[in-house]
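Two complexes are shown next, each including chain A; its partner changes from chain B in the first to chain C in the second.
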Partner chain A sequence: MPSLISPAERDYILKGIECNIRADGRQRSDFREITLETSVVSQTSGSARVRIAGGSDVLISVKAEIGPVQVDPETGDGADKGQIICSIECAPSASQQFEGRGADDLNNELTQMMSRFLCSNNTAISSLSPTCSGSGGIDLSKLCIIPGQQCWILFVDALVLDYGGNLMDAIFMGVRAAIYDTKIPKTEVQDLGDGQFEFEVLDDEEDIDFVHGREDMPICITLNKIGTRHIVDATLLEELCTEAKLVVAVNRAGEICGLQKNHDGSIEPSLLLEMIQVGKTMGQALIKNLDAKIKEEAESDLTKRLQGDPARKLGFFAQ
Partner chain B sequence: MSRVELLTPEGLRVDGRRPAELRKITSTTAVLSQADGSAYLEHGNTKVLAAVYGPREARHRTLVVHDRAIINVEFNIAPFSTGERRRRGKNDKRLLEMASFIKQSFEPVVITTLYPRSQVDIYLQVIQQDGGVLQACINAATMALIDAGVAMTDYVCACTAGWVEREAAIDLNHIEESSDTSEVTIAMLPKSGKVTLAQMESRLHVDKLEALFTLAGEGCKQIHQVLDRTIRNRAEELAQKLAV
Partner chain C sequence: MNVTFHSPVPKAALDNKSNMRGSKKKFTAEHEMDIDDDEHHHENKLEGGIIKDPTIHVVTPAEVITSDAAFMRGHGTYVEDEKVLSSLAGVVERVNKLISVRPLHTRYAGEIGDVVVGRITEVAQKRWKVDVNARQDAILMLSSVNLPGGVQRRKQESDELQMRNFFMEGDLVVAEVQAFFGDGAYSIHTRSLKYGKLRNGSFISVSPALVQRCKSHFHSLSCGVDVILGLNGYIWVSAHVPQSLDEIDTEQVYSNKNKEDITPSDRESIARVVNCIRALAQDYIFINDSIISFAYEASLQYALKDLHKRHVMHDIATEAVAAVDSIKA
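Entry: the complex of A and B
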């Protein structure tokens, strides 16, 4: 990951964007080609790999594990809710700057942002911890097994393997696809009387639940303000010219689920509104496309399985 | 205590292999855009990604050696790589130990004197574990170093061998590894037959050791052929692209 850009190169990118043509031939509102595959890591409950052509590469896994419910000591909230715990890690293979503890700050920033966006109706306290108690579309109460005692905890781990700009969008697309892919075993709760409960996890492969509300999860669109214009899906070099970044999280209904302004520059109020509007429309269109593709893949996997063929995944052999 | 039957009466292992049979190895190089060289390798269900940066200017001036390059290895295990989710910190002793094993097995092979005052970084990321993590990492790192064009005298191929119940077997999977099997990992230079790493963490009768070493050596040679094929295919592909 370069951290410096020459004045000539900056000028070239700036003027190109002014004329609505970028260094790789795209227009301001064009995305690069996105490769998305689900169920790539077999020992997880759900997984996905997202690759943006010539750049960012993110592997996301969701693991469902059983644990105690976490009750907020002040409000008493959360007794009947499951949890989602997010963690984003940038591997040193993505950039030499991520070696050792070099990625800690970025990891923390990304993890917090994701936790917040996935839990849009958070209380102030829970937004300080990476444990979600609200939801970004996901119905957490459906993850509860025995209220006040046991629940499912979804561990969402994102691993950034390669960095080529526009990381946040890639991560969110991946997280949405991985949660969409997540299969949780069904449980059977037995009432033993006098407030005692016992449950059993059904290990039949057909007895599975999907995450409720997975369709309503948001994705995010990052808009980069360069000069007086803004672009989506910035490359590494374009990110270096960016004055201000606006991350807009949006769900399929077109509702804004979160906003975050990053970077050192500022945005005029009128441009800000315009950027949010653009983020909203683009996000909605992208979700529609993604959903169609994910469904298509799930269906083709299912038909293959019914025919007895092993579902072949390309994983890292997809180029 | 019920024990897993590791060897059927017919002499087949839990995953249906014969004792001297490797798991399927699939690999590819140049998977990452930022790294100078990268490789992805699967030994059955063990999946590893390796990235190589350099030779480049050493990051810390104190580490600079004036007549050769230093090799730096960082080894990471994804929290979701095992059945149960487990997060390891950056300073986990086990991770650091593995990194130093890998570093030591490459030091005799990489021609470091060609790159004085510089540093070669090898970053390894384990994505899925099913036994033989160290061997997979060494094999992946070899391929990534070749992909980066770092000068080496030979491949470094690693293979495990272990005494499974009554027979010597190579390339142990997780079930075999975790049921009290004595396991040896060796890394070998396939051309000269020299061993650059030998590691065993359990007890084994000395009479049985030689059989394991020969078997693991055979395994290394087989692995070398598989890796070499991938590298040559890739080189041919690149040559064709140049010719057009």
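Entry: the complex of A and C
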């Protein structure tokens, strides 16, 4: 995969975007086709694999583990909350530039962005929309088992298997699908008196909880400013021409849950507003389609299970 | 805005071999010497697709190919405990007593005289390093390029200092494999007006196995698009530039400027051809100029922006193969 681009190619892509014919025939606002499969890794609590046709390929896993609650020593916050810990890793096989320590910077950047979008518990936002506990959407208090002691920790890990542009959007679609797929066992807490608690994890397959607030999780739309225009779902070569990149995180209700600008180019105020607006409407439409697909997957898994037919996943044998 | 989500489909069954038109390799069906152990009898079943041809033996790394000591190990195999094991994922090939494994995915293995498309990755002492999809970067020596203006003289220190004026990091070039170095790296040259910097179009990369050696790798399609099929799987699709070797402006060989008059309809044709090539590559069909033309014809019934869709691509590839078949018949 190229990490360089020639001036002639850049000029060609730039002018192509100007007249709304991108190098692969798409228009500025067209996405490539996306392939999605959930429950692909059986060892996890929930997993998904997202592939953008001819481009990025990400595998997301969510693992729920029991751990101590993390209390903020200053504010005393967090005693009754679970945690989400994100990590993104780019496999060296995805691209030549990820070899050795080459992917470290990108890993950090992506992990930080994901943590910010998913885990932030901004009270200013939650006061505006009471359904949502923070911009990340997930209700962390429901993940707490014994307040002040034990909670569920959701480890959200993303592995980038192939890199062909528009990584962040693919990862967030995958995370939404994987969190939807996540099943957490129910727990029973016993009060032993003297403030002592004990709990038991039920291992019945039917006694499971889903992640609360998963519908309110955001996804993101990356808008690449090239020339005076902006495009979505950029390919690798288009990303190399990008002057400035705006990542807009949006939830189902069309609320902006986060914004991040990358690269060193500038965006004019009027264009910025337009880009945010486009990100918002596109994000909402994308969530709608994505949710329909996730539900379809879940339903087909369920019917197969009810028929006693073990759900066969294509996983890495798929095209 | 219209995003479509798909469920994954099984990999195209490998029995689609009939698509591999003109395959030079024929799997020998004779079985006078059975290399299979009874205990390692392979069923050749893959999840999703079943290989029907019993003569194809698919192996994965560390799989025992034979424990018969009579065989010699070839490429892609190693010996452990007197057994021949595969070191690759691929198909077993046998020539008399020599067993080798041909990998399913491989980098470009070049030969002298091959036309390749490459990207400059590094400017070094008197040479450029060029990514040609091979195991190592190819080397383009300063002495293997033409000087602008076509002057013929020895390269001097002043030429060495302005190497970036010829080729810069990231530039795409078309070149020919000239020789091999001791370590297996390729030495390439651009000492012909056919070769040099690429402009006015877009780049696409396919598996090197899909591009066959033919008489010419420079094609002008009837739709007004030029295609350069690099044998390394890198393909350059560009707007047609009238080519008669006498009229070439030799001063412009190293220019970075695209021509001014690339019209939207040119761009559409280029994008169409790019998508056709991608469609053929997706279905593992050999790529040459005639099948690209047929695929282009087939693509005309679809809108340009629909061409990146999976089922449309598949339809185009199928139609192109059918068109080639009907001509042969």
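The working rule: the second predicted complex is superposed on the first by the 303 of 319 C-alpha atoms of A that agree within 3 Å, B and C clash if a C-alpha of one lies under 4 Å from a C-alpha of the other, contacts with A are read in each partner's own complex, and residues count from 1 in each chain.
Following the convention adopted for this analysis, a residue touches a chain if its C-beta (ideal position, glycine included) is under 8 Å from a C-beta of that chain, and two chains touch if they have at least 3 such contacts.
These numbers were taken from a predicted model, which means no experiment stands behind them.
*Asks:* Give one word, clash or fit, describing how chain B and chain C relate on chain A after superposing.
*Replies:* clash
*Asks:* What is the contact status of A:S93 with respect to chain B (first) and chain C (second): first, second, both, or neither?
*Replies:* A:S93 sits against chain B, while chain C stays out of touch.
*Asks:* Considering only touches as defined above, state whether A:L237 meets chain B (first), chain C (second), both or neither.
*Replies:* second
*Asks:* In the superposed model, which partner reaches more residues of chain A, chain B or chain C?
*Replies:* Of chain B and chain C, the partner in contact with more residues of chain A is C.
*Asks:* Would you check which partner chain A:L4 touches, where first means chain B only, second means chain C only, and both and neither mean what they say?
*Replies:* After superposition on chain A, A:L4 lies in contact with chain C alone.
*Asks:* For A:G54, select first, second, both or neither according to whether it touches chain B, chain C, the two together, or no partner.
*Replies:* In the superposed model, A:G54 contacts both chain B and chain C.
*Asks:* Which partner does A:V41 reach: the first (chain B), the second (chain C), both, or neither?
*Replies:* First partner only.
*Asks:* Go through the superposed model and pick first if A:G254 touches only chain B, second if only chain C, both, or neither.
*Replies:* neither
*Asks:* Flag for me the stretch of chain B that overlaps chain C after superposition; candidates: 7-15, 43-51 or 223-231.
*Replies:* Clashes with chain C appear only in stretch 223-231.
*Asks:* Based on the A-chain superposition described above, do chain B and chain C contact any of the same residues on chain A, and if so which?
*Replies:* The answer is residues 54, 317, 319 of chain A.
*Asks:* Across the complex, what residues on chain B touch chain A?
*Replies:* 26, 28, 31-35, 38, 40, 45, 47, 49-51, 53, 56, 59, 74, 76, 78-85, 87, 90, 121, 123, 125, 127-128
*Asks:* Would you mind writing out the residues of chain A in touch with chain C in their complex?
*Replies:* 2, 4-9, 11-13, 15-16, 19, 21-27, 29-37, 49, 51, 53-54, 232, 237, 281-282, 285-286, 289-290, 292-293, 297, 314, 317-319
*Asks:* Sort out for me which residues of chain C touch chain A in the complex.
*Replies:* 1-12, 46-48, 119-121, 131, 168-172, 197-203, 256-258, 262, 264, 267-268, 270-272, 274-275, 278, 304-305, 307-310
*Asks:* Can you list the chain A residues touching chain B in their complex?
*Replies:* Per the stated touch rule, the residues are 1, 41-44, 47, 54-55, 57, 59, 61, 63, 65, 87, 89, 91-96, 99-101, 155, 157, 159, 161-164, 315-317, 319.
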